[in-house]
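The structure appears below as structure tokens.
The letters A, B and C name the chains in turn, as written, and every chain counts its residues from 1.
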Amino acid sequence: MFQDILISGLVNSGVYALLALGFSLIFGVARIVNIAHTAFYMLAAFALYGLLVVGGMPLLLAIPLAVVAVVALSLVCYKLVIEPVRQHESAVLIATIALALIFQESLLVSFGGSFLGIPNAVEGVTSIIGVRVSYQRLIVLAVVAVTLVATWYLLNRTRLGLAIRAAANDQEIANLMGINVSRVAMYTVGISVALAAIAGVVVAPVFVVDPLMWLAPLVTMLAIVVLGGLGSLKGSVIGAFIIGYVEAITVFAVPSGSYLKGAVALSIMIVVLLLRPEGLFGVVFEEER
Amino acid sequence: MSRKLLLTAVAALGLVVSQGVWSQSIKIAVLGPMAFVQGENHWAGAEMARDEINKAGGISVGGVKRQIELVKVDTNEIQSVPDATNAIERAITRDKADFLIGGFRSEAVLAMQEVAMDAKKLFLGAGAADAKLCENVTKDYERYKYWFRITPTKSADLARTIFAVLGSVGEQIRKDLKKETPKVAILSEKAAWTEALVKAAQANLPKMKMEVVGTWQPSPIATDVTAELSAIKRSGADIVFTIVSGPMGIVLGRQMGELQLPAVAFGINVEAQKDGFWQATAGKGNYVATLDTFSEVETTPKTIPFVKAFKERFKKTPTYNAATYDAIHILQTAIEQTGTIDANKLIPVIEKMESVGAAATATWDKSHDLIWAVGKTSGIAVQWQDGQKVAFWPPQTKGMKPFKMPK
Amino acid sequence: MKGLLAWPQWLWAQLRHEVLVLPSRSFIFFAALLLLVLPFFYDDPYVLRIITMTAIFAIFAASWDLLAGFTGQVNFGHALFFGVGAYTSALLSYHLGWVPLLTVPLGAALAMVTGVLVGIPCLRLRGSYLSLATLAFPLILTGVLFAFPDFSGGELGVSGLKRIMVGSVGNYYVAVVLMLLLCFGMWKIGDSNTGLIFHAIREDEVACRASGINTTRYKLLAFALSGLFAGLAGALFAHFMRVAGPSSLEVALSFQVVIWGIFGGIATIYGPVVAVFVLYPLTEILASFDIFKEIRLLIFAVIVLLVLLFMPQGLTPWIRDKIELVCPRCKNRNVFSRHQCRLCGAELR
């Protein structure tokens, strides 16, 4: 049973980590609570379905195309909808909610409300420490690991990453230092959505795809970023693994109570917030006067 | 010149007459979540009935033939219960519907039932299985008598069907695997409607000489059941008894196939009833078996022609919601018998009716709920075999094929 | 004799000097009158139903504004109070058979207590942390309710409740009159000293505390009041629909009220009310046209987005700015056609 928890938790945590990391990036740099984040994850899954299953494209072409398409869409949305109302925090909030709804409804109209399946990239199962794992899940793990490392490299070893971290730290000073904050924000949006899209395309074959699939991960992801500390990238990843494993343990330890895993995750979040209001690794922002 | 005049006169007369016929049509509102499979089937079944009856001239109301006019009402009940009540109110007051059929999500149908009863309109349910809907009829007959359930049988009766089929499947396993006591793992979604079934299974299976090796209850929207399936594999189960209505049913089928579990899945798996199941499990959902309603078997003399015609017209197999077809025929029979569309006069007729529909041979009890009987209202059981849904129970019905075990 | 005339005289004076001087107030006044006399001209049960639902949701949206708009505690889980109100009055009515006259206030009271209970952990949270934490509460309550299906009815909720009044006109009046009274009350709260303190807390809580105001007490008060009114709306909803189910706690409802609040204009009370009266019937009207039926929610979201782009502060502030001018000296509002402030006489342009 311990091995089951280990492997099962790893896969789910990995997906959550990608989502939470992207969400934190956008929040840290652009101060946007992007409710539509998981909706982009959903769009990527549907894009893959459309290109692969309906369009019959080869897998190695469909995946990058799906990711690029979703990122491009997100940049367009950002330019048209978010940027004009950047000044009004509350307006940005419902703008992202409205966007998520638009995506959901468009998919509902185009694909219908039924559940869709995407074939695995690689078929077959293997045994790891006594647990049967499908190759697709191993692929998910591999992609998550590679993506996290790549993102770490981008943020810590490149100039763009430096600019992003600077803007996340203090926008005004970053501006004074000659960093084009609005362009950096755009790059950040692109990277963030790319993370969500990558999560969407690798995980889509493992889960079921439907136009309402963005709601459940949204709540868990929000719990994770709050737990880890809003704006803290390290916190998001660690928070993702905590919540991922909590959920795995709940499912295994209480077989007839696996529906509780959502409530357990949220309760943990609330407890942590009571004890440490800014989350585990959160930075308390100076009130921007 | 005169010919032109004649033509115009005929056209004008035709227009007047058709208006007259049109305004005298019987309006039946079809209520359902039209963006989803359930609503689509509600509407499709109703369309089949309407076209069939109208082509034959319409419903005869006391000697005058009246056409059926369908009103498509999108209740959006899956996403919003107030939307559903607004929609039914609109159907009654704005669209002036004479009869209401359909419904799917029990929480919404309970609310819609109230609106329909307020307006004293006949509401024939074609989707919600909650017992409360009919218990209301017993509690307050005068108010709720306008409600009848056409499909499915109530949750408690589903249990009787399931155990009947389980008995068959158990027998086959005893023969094929030469085992006296097949092992059963109960995999049910955690929801109010499954509680009674789970308890009944835990109590009855030992009496049926089958051993319950464990009970797992993931969430109806769980996207991953490998945890549960690994544990089930370790327990050595031969049958995975599923009680699932949500998308977890798809995940279950797919992952069982991927993990190559030697057990066979049978029970209630609503997603497995849909044509899209095979695609949704990426072709891995082989051997998954579930209760169902429509297949090309002779449940009644009407079933095979209906299913064939439905498949030809809509390019998919009907789900149980398409029993709106039966609902409209029931209305037709009652109206033609009494010669009126007055709900109060139709109710006693329906109460005593034995309706030979496409889905079932239906009779109703005092709470306006379906009376359960094998082969009549019990439904059938189907199994996915190589991309096709094959019906295998009840064995005495014509057209049944054998049940297959995974290799 | 003089005493008898004093009251209508006072009313008339109020009307002339407080209400009819500003176009926005006159509009609200006449709209309220229209709502009150509507059933005499047009008693289509469908239309009455729509307006009844709108009124109930208007109370709900206004209660959100009191908490989020005025006090700055942006609540992403407002459906919690709504659901508590709905379930409480439903369960009391169902298990104990009490009349709505009793269960509705009790539902509201329990929601008020819930407000305080939720407010306590939220005292330490700021900004987005607060919003996301509040998102969790309705979900936790839903989980708890599902864990006790015999008591709460599980996914199906409680059904078969009694209506408050018999007939759609009766219920219409209950909802509309309550809405007018409660929203006016909330507006008055917003306009009072307490409302001023709420504003101050939102603007700069540290400065507020430095001025000696016990912000904890006022924040909890805001939570309590907001919970009270939202719970009342929930209880009315349960008795009108005759069912109280988990749909009264869902995330979509919380998001919906946030949209209404921000769309209408925060910190106004009348803003969200106007938003509900514009958006809710709009989605219903769209539903009655075949072409729009399936893309209703889509159109709704697009409209919200477009309005946001052009009126980022909300609908009502934008409209008010067009038809009213602010006096540079005394900061009071005047009709745009005036040249001199009605109160202090300063030049308006």
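Going forward, a residue touches a chain if its C-beta (ideal position, glycine included) is under 8 Å from a C-beta of that chain, and two chains touch if they have at least 3 such contacts.
Remember, it's a predicted structure, so these values are computed and weren't measured experimentally.
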Minimal step count in the chain contact network, subunit A to subunit B: 1
Selected pair, greater C-beta contact count between A-C and B-C: A-C
Centre distance in Å when subunit B and subunit C are each reduced to the mean of their C-alpha atoms: 40
Subunit A and subunit C, separation of their C-alpha mean positions in angstrom: 33
Two or more partner chains touched - positions in subunit C: 146, 294, 297
Overlap residues in subunit B, where contacts from two or more other chains coincide: 35, 190
In subunit A, residues with contacts to at least two other chains: 108-109, 259, 262
Interfacial residue positions of subunit C with respect to subunit A in the complex: 74, 121, 124-126, 128-129, 131-133, 135-136, 139-140, 143-144, 146-147, 204, 206, 251, 255, 258-259, 262-263, 266, 294-295, 297-298, 300-302, 304-305, 308-309, 312-313
Touch list for subunit B against partner subunit C, complex: 34-35, 72, 74, 76, 79-83, 85-87, 89-90, 92-94, 106-107, 110-111, 114, 130, 132, 136, 139, 190-193, 195
Subunit C partner contacts - residues on subunit A that touch it in the complex: 27, 33, 35, 81, 84-85, 87-88, 90-91, 93-95, 97-99, 101-102, 104-106, 108-109, 215, 219, 222-223, 225-226, 230, 259-260, 262-263, 266-267, 269-270, 273-274, 277-279, 282, 287
Residue ranges of subunit C touching subunit B (in the complex, touch as defined): 44-46, 49-50, 53, 146, 149, 153-157, 159-160, 241-243, 245-247, 252, 284, 287-288, 290, 293-294, 296-297
Contact set on subunit A toward subunit B in their complex: 1, 4-5, 8, 11-12, 53, 108-109, 112-120, 125, 131-134, 205-208, 210, 216, 248, 251-252, 255-259, 261-262
